[in-house]
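In the two assemblies presented below, subunit A is common to both, partnered first by subunit B and then by subunit C.
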Partner chain A sequence: MTAIAPTLEAAPARRVKIPLAVILLIPITLINLIGFVAPVINLLSFSFREVQATGAMTGGSSIASWVAIVTDPFYIELLVNSILTSLLIVVLTLVCSFPIALLLHRTTGFARTVLLFVVITPLLTSAVVRTYGWIALLLDGGVINSLLSLAGLPTLKLIFNSTGVVIGLTEILMPYMILSLLAGFRRLDPRVEEAALTLGANPFQTFWRIIVPLTLPGVALGSLLCFVLAVSSFITPKLLGGGRVFLLATEIYDQAMVTLNWPLASTLAIMILIVFGGALFLYLRALRAIA
Partner chain B sequence: MTKTFGQFLKVCATSALLASTLFTGAAKAETNLTLVAYPVLFQENYTKAVIEPFLKANPDIKITYFAQPTAAQMLGTLRAQKAAPQADVVIMDLSVSKAGSDEGLFVTLDEASVPNMKDLAPGARVPGLAGAGVTFDNLVLMYNTELVKEAPTSWMALADPAFKGKEAIPAMPDIIGLGLTVVLDRAMGGTDYLNNVDKGIEALMKIAPNVQTWDPKPEVYVPVVNGQAALGVGWNARTQLNNKLSNGRIKAVLPKEGSLFQANAISLVAGSKSQEAAKKFINYALSAEAQARFTEAMFYAPTNTKAKALISEEAIQRTALANMDRMQPMDWVALAPKRDAINEMWRRKVIPLSR
Partner chain C sequence: MLHVPVTGSSESAAGEGFLSVRGLNKRYGDFIAVDNLDLDLPKGELVAFLGPSGCGKTTSLRMIAGLVPATSGRIVVGGRDLTTVEPYRRDMGLVFQSYALFPHMSIAENVAFGLKMRKVGRAETEQRVREAISMVRLTGKESHRPAQLSGGQQQRVALARALVIRPSILLLDEPLSNLDAKLRDEMRNEIRDIQQRLGITAIFVTHDQAEALTMCDKVAVMNAGRLEQLGTPVELYEKPQSPFVASFIGRTNRFAAVAKNGAAELAGLSIPTPAGMTGKVEVMIRPHRITLSAPADGAPCHAVEGVVTRSIFAGDILQYEVVAHGATFLVEQGTAAHERPLEQGSPVRLHWLMSDTYVFGAAA
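And now, the complex of A and B:
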C-alpha cells in the first residue's frame, strides 16, 4: 500500500512537466525521422559512394559525383534550365489561375460548389492519364493542329519539346494554384474594393492597388507549391518532352534507372532539395515583406 | 439432434482430409524457388514455354514468378535484400547482371553444376559474368506497314526526308540508342567502336531532323503500331510479338549493314536457400529444348547452339538465326566505360538538331 502511494502522487506532477504540445508532436516527429530524415541521410551517403562503369557499387567511396555536378557544364545547364522552366510554368499557372480563383471567391451558393468541383476534379485523375490526354490534343495530327490546318493556318510543334512540357505542367498544376489562391483570398473584403471605387479609382487601379496587394500571401503560397511540384515532376516531362527537354527530375530517373549511376542520381536529388530550400527561404522572405 | 451429428461427421471428414494433405506435403518436401524476371508478355510466354514443362518434370519444385519491369529495379531489389535474399534465380539484362556479378550478388556458375553451359554460344559466356546468357535479341529497324509501303532495307532509310517528323528512336542513355550508334558507326565505315564512334554520331546527325520523339512511351513499338510514327528502332523479339498482336501493322527489318545482339542473363542469387533446385532450373532454362520452345513463343534467339535444330522454319525466319551473316560482335561490358562520353555527344550534337 505504501509502495503504491508515492507513484500515484508523482504521476500528475510529471504530467505537468511535459507540455501537451510536445507529446502531440512526437508522432509526426517520428514519421518525419523515419520517412524523411533517414532516407535523406541515406541519399547523402549514396552520393559519396564509388560506382563502376557497369553501375556496380563495390564499396569504395568517392566525391566524383559532386565534382561532376559542379564542373560539368551539362549539370549546371540542367539546374538553370530546371529552375527557369519551372518559373515560367509558375508564372503561366498564376496568370491562368488568378481570374478563376477570383471568380470562385466572388461566387456564392450552389454555383460556387459546382465551380469548386470543376476545379478539384482534375486532381482526382492521375497526372499520367491527363498527360496522355494532352498527347492526343497536341500531336501533329491531334485536335489543335487539325483545327489549325482546317482554318488554313500553319500547324505548330506543340509536343515532344519544352512547349509541350510547359503546356502540360501548367494545366496539371492549376488546381493547386487555384486552391492556394483561394486560401489567401480571405483577406479580400469586397467592401474595400467598393471603397476604392467610391473614392474614384478605376477598375484597373482597384485591381493593382487593392486586390493584388491583399492577395499576395496566396500568390506566394501558390507559387511556392507549384514551383516545388514543377521542379520535382518527372512523368509529364518524360511523356511530353520527347527526350529533348533535360530537367533535374528526368535526369535523376535516367541516372538511377537506365545508367545505374545511383551515386550521381543521389547527388542530383540532394541538389533538388537544396533548390527547394532556396525556394522556401525566398517564400519566407517574401511573406515578411508582404506583412 | 441429427443435424448436430451430421455437422460432427463433416468436421471429422474435413480434419481427415486436412491431415492427409499435410502428410503428403511433408513427404514430398517441396522446394520453393522465386524467379525474378520481366512482366506481362515475357512472364506469360516464359511460364508457358519454360516454367510449366520444368514443373511437370520436377513435381517436388514450385516456382513463384516475381515480375519487375526493368533490370534496374531488379538490381535495386537484390541490393536491398542482400542480407536476406528472397529471390533464387534472376533473368535480367546482361550488362546489369554484370554489375550484380561485380557486387557479389550472384553465385558463379560453371559447367560442372550447370552442364548445359557447355553448349552456349560465346556471346552468352562473358568473362566476369556470374550467370550465363539465356536469350539473345537484336536491334532492328521497324516500320508501320500502312504508312510505309516498300520495306526499307538500310538503316539510312531513317535519314530519308520523306519520314520527317515520323520517327521514334529511344535516345541514349537507353541501350537502343547506344546500340544504334555502334551499328551506324560500322555501317558508315567505322572499325573500332570501343575507341571512336564519330562516324556513327555523324550518321545520327543526318537522322536527327526526322525524329519525332527520342523518348517514346510507353515503349517504342506503340507509336509505330498505331501510326503516330512510320519508322522506329527497337528489339526484334518485341517487334515480332507486336507484329503478331497487331495483325501485321508493324514489321521488323534486319538491315543490310547488319545489327548486333544483346542478351539477357540468368543468374543464381548469392545466399539463395535452394541452390540445388535453382541450378536444376537454370540448367533446364539453358537446355536446347527449353530455348527452342521460348524462341517459338517469343522470338528471342536461343543462346544454346543446339537449339536451332529444334526450331520451326517460321520462327527461325522471325529471328536473327535466319541472317547470322549480318550479325556483328558487340561487347557491351567493354563499351560501358565509354557510355557517358557517347551520351554527351548525343546531347551536344545529335538531339539539338531535332528541335
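And now, the complex of A and C:
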C-alpha cells in the first residue's frame, strides 16, 4: 500500500478546484445581478438626475430629489405615516394570526390538512380580487354598514381612509404571518407546557412565560415579512385608500406614472430599500436577543 | 437539605395509603386505557408502575398528575381529594422522559420556576435553588442553558426542578429511557438515594423490569390497562399471582396443560393444581430453579429424565435446552471453576421444588 500511495497522489494533474457550492451559486448570483443589483444601481443613478417640470430628464445631475424628501414635510410625513401604518398592520396581523397558528400547530391528521388548506387558499387568489371583496364589505352602502343600520346602529366610515387600508392589508397578510409563525413553533413541546403546569403555572402564566417566549423567533420572522410586504403594498392601499391615503408605494406610482417625476420616484424607491435595511437590522438584533 | 412537608391534616386513615386511587378509569372511545385501577401507596415509598408499552402505566401517572382527566374514579393524596383539581394546584413534581426543560431559561431559572409560580420570596428562592442544584451535583452550571448540558445533566436539572417545590408526590415518567446504559445505572442510584434521603413518596413509570425490581420498594405490574399485581420485588418474583406477572418478571418456562381431578400432566409428571381448577392451565417454572441434582435436604420436588439438545455457555451462566417427554425446558445453572458444560445429547435428570412450580388457569 505504501508503495502505491505516492503514485496515486501524483497521478491527477494539478488543477484549481472550484467547490461545488460555488458552481451551484453562479446562476442565482447572475439572476440577482441582472434582476436586482443592476436595476437598483439604475434607480440610484436616476435619483440623482435633474428633471424638468414636464418630466423630461436633462442630462445634468441634481440632488433636488433627495433634498425634497428629507426637507419637504409632505415626504417626511409620508415616510413616517408609511412606517407607522405598516407597524399597526403587523401588530394586528400578529394578534389575529397567533391563535390560528397555535391551533394549527396542535391539530393533527385530516383536520390539520383542511385547516392548512383554508389558511393557504387566500394566497391562491389575487390581492386585487380580495381587495374588491373588501370594498363590497366596507362601502358606505356595503354589507357591514347595511347590517349596522339594520341593527339601528350608526354607520362607520370604513373605506377610502386608513381604516380600510389597515383592514384589507391585515387580512391579506395573515396567511404569510400564520405560515411564518408555524415555522417558528417547532420549539414548542407539549411536554414543556405540561412541565410548567405541574410546577404551578396556570394556563395564563404558561402562555406568557413559556409559549410566547418559545414562539418569538416565529413572531420576529412573520413580523419582518409582513412589514416588508405592507410597506411595499400598492394595489390594496390604492383601491381601499381611494387616493386619500398616502403611502410610499402609492406615492412612487403617482410620481412615476402621473407626475412623471422619475428621479423623485427613484429616490422614494431607494428610501423603501433603506427602510427594509433598517427592518432587517432590527430583525437580526431581535433574533440575537431572543435566541 | 430539602424537607417534604406533610400535606393535608395529618396521617391518613388506617388502611388507606398516602396516595389512594379508587376505581380509576380512562377510556378513549371504545379503547380502555386504564381499567378500574385501585392503589394504596404508603408515604415515603418508591413504587414502580411496570408494564409493556400501552399497558396504561403512563396514562395512570398522567391522571395522577392531572394532565389527563379521568373518565371515572378518585385520586386522594394525604386525605385531599384531587380528582378534579387542576394540575397546577396539585403540588406534584413530574419528571419527563424527554426532560422537558424550558429551553429559553438558564438552569437556575428552570429550577426557580416552580418557586416563582408559588410567589416564594427572593432570598428563600435563591437558597432553595442553590440547595436543589447542589443536591443533583450541578453547582457551577446555574447560568448554563439546557442545550449546553448532557442528557444525564438535563435529567438531573429536571429532578431538581420537580423537587425544589417540595411536592407531595414525585412522579417519574420513564426518566432513564433516553439515557445510555452506564448513565442509566448512575441515575438509578442517584434517584433512589435522593428519594430515600427526602423520604418522599414517588412513582416511577418504567417498562424495564430491572429498574423496577432493583430500585423500588414496591412494583405495580400493569397489563392491558389493569393492575395485575402490586407487591415487593420478592413477592412478585416468588409469588406471582397471574401468568402475566410470572412471565413478565424474570425468565420462565411456560407449558400449556389440562387440569383434571386436581392435577395436570406435564412431561409425564402429575403436577398438583389448586383446588377447583379445571380445563386449560399454564404451568411455569423458572429456568434457574431447575437443578441437575436432587435437593440435598430432601424437599419435595418434581424430577424428570431428559436429553440436552442445546448447550450455551454465557460466562456467568450455563443455559441448557432439555427435552423431556416431548416438553422443552430451559435450564440455567451458575458456572463454577473447572466445570465442564454438558454436551449436546447428554442425558440429564431435572429437579425442581414443588413450591417453585406455578400453575395458573389459562387466560380465556
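Definition applied: the second predicted complex is superposed on the first by the 275 of 291 C-alpha atoms of A that agree within 3 Å, B and C clash if a C-alpha of one lies under 4 Å from a C-alpha of the other, contacts with A are read in each partner's own complex, and residues count from 1 in each chain.
One rule holds for everything that comes next: a residue touches a chain if its C-beta (ideal position, glycine included) is under 8 Å from a C-beta of that chain, and two chains touch if they have at least 3 such contacts.
Keep in mind that what you see is a predicted model, and the values were worked out from it rather than measured.
> Sharing subunit A, do subunit B and subunit C clash or fit in the superposition?
With subunit A as the common anchor, subunit B and subunit C both fit in the superposed model.
> Is A:M57 touching anything from subunit B or subunit C once the two structures are fitted on A? First, second, both or neither.
In the superposed model, A:M57 contacts subunit B only, not subunit C.
> Hey, in the superposed model, what angle do you get at subunit A between subunit B and subunit C, Cα centres, nearest 10 degrees?
Angle at the centre of subunit A: 150 degrees.
> Which one hits more subunit A residues, subunit B or subunit C?
The larger set of subunit A residues in touch belongs to B.
> With the two complexes superposed on chain A, say which partner A:V192 touches: subunit B (first), subunit C (second), both, or neither.
second
> Classify the contacts of A:L150 with the two partner chains as first (subunit B alone), second (subunit C alone), both, or neither.
Neither: A:L150 stays clear of subunit B and subunit C.
> After lining up the shared chain so the two structures overlap, which partner does A:N161 touch, if you call subunit B first and subunit C second: first, second, both or neither?
A:N161 contacts subunit B only, not subunit C.
> Go through the superposed model and pick first if A:V129 touches only subunit B, second if only subunit C, both, or neither.
Touch status of A:V129: no partner.
> With both complexes overlaid on chain A, does A:G243 touch subunit B (first), subunit C (second), both or neither?
first
> For the combined overlay, can you note the least CA distance between subunit B and subunit C, rounded to whole Å?
It is 47 Å, taken between the nearest C-alpha atoms.
> Going by the contact definition given at the top, which residues of subunit A touch subunit B in one complex and subunit C in the other?
none
> What residues of subunit A sit close enough to touch subunit C in their complex?
Those residues of subunit A that touch subunit C are 187, 189, 191-192, 194-202, 205, 209-210, 213-214, 290.
> Give the list of subunit C residues in touch with subunit A in this complex.
65-67, 86-94, 96, 98, 100-104, 113-114, 117-118, 158, 161-162, 165, 171
> Under the touch definition given earlier, write down the residues of subunit A that touch subunit B in their complex.
Touching subunit B: residues 52-58, 74, 139-140, 160-161, 238-239, 241-244, 246, 254, 256-260 of subunit A.
> Taking the touch rule as given, give the residues of subunit B at its contact with subunit A in the complex, in rising order.
Where subunit B meets subunit A, its residues are 70, 72-73, 75, 79, 95-96, 98-103, 165, 170-171, 173-174, 212-215, 217, 228, 333, 336-337, 339-340, 343-344, 347, 351, 354-355.
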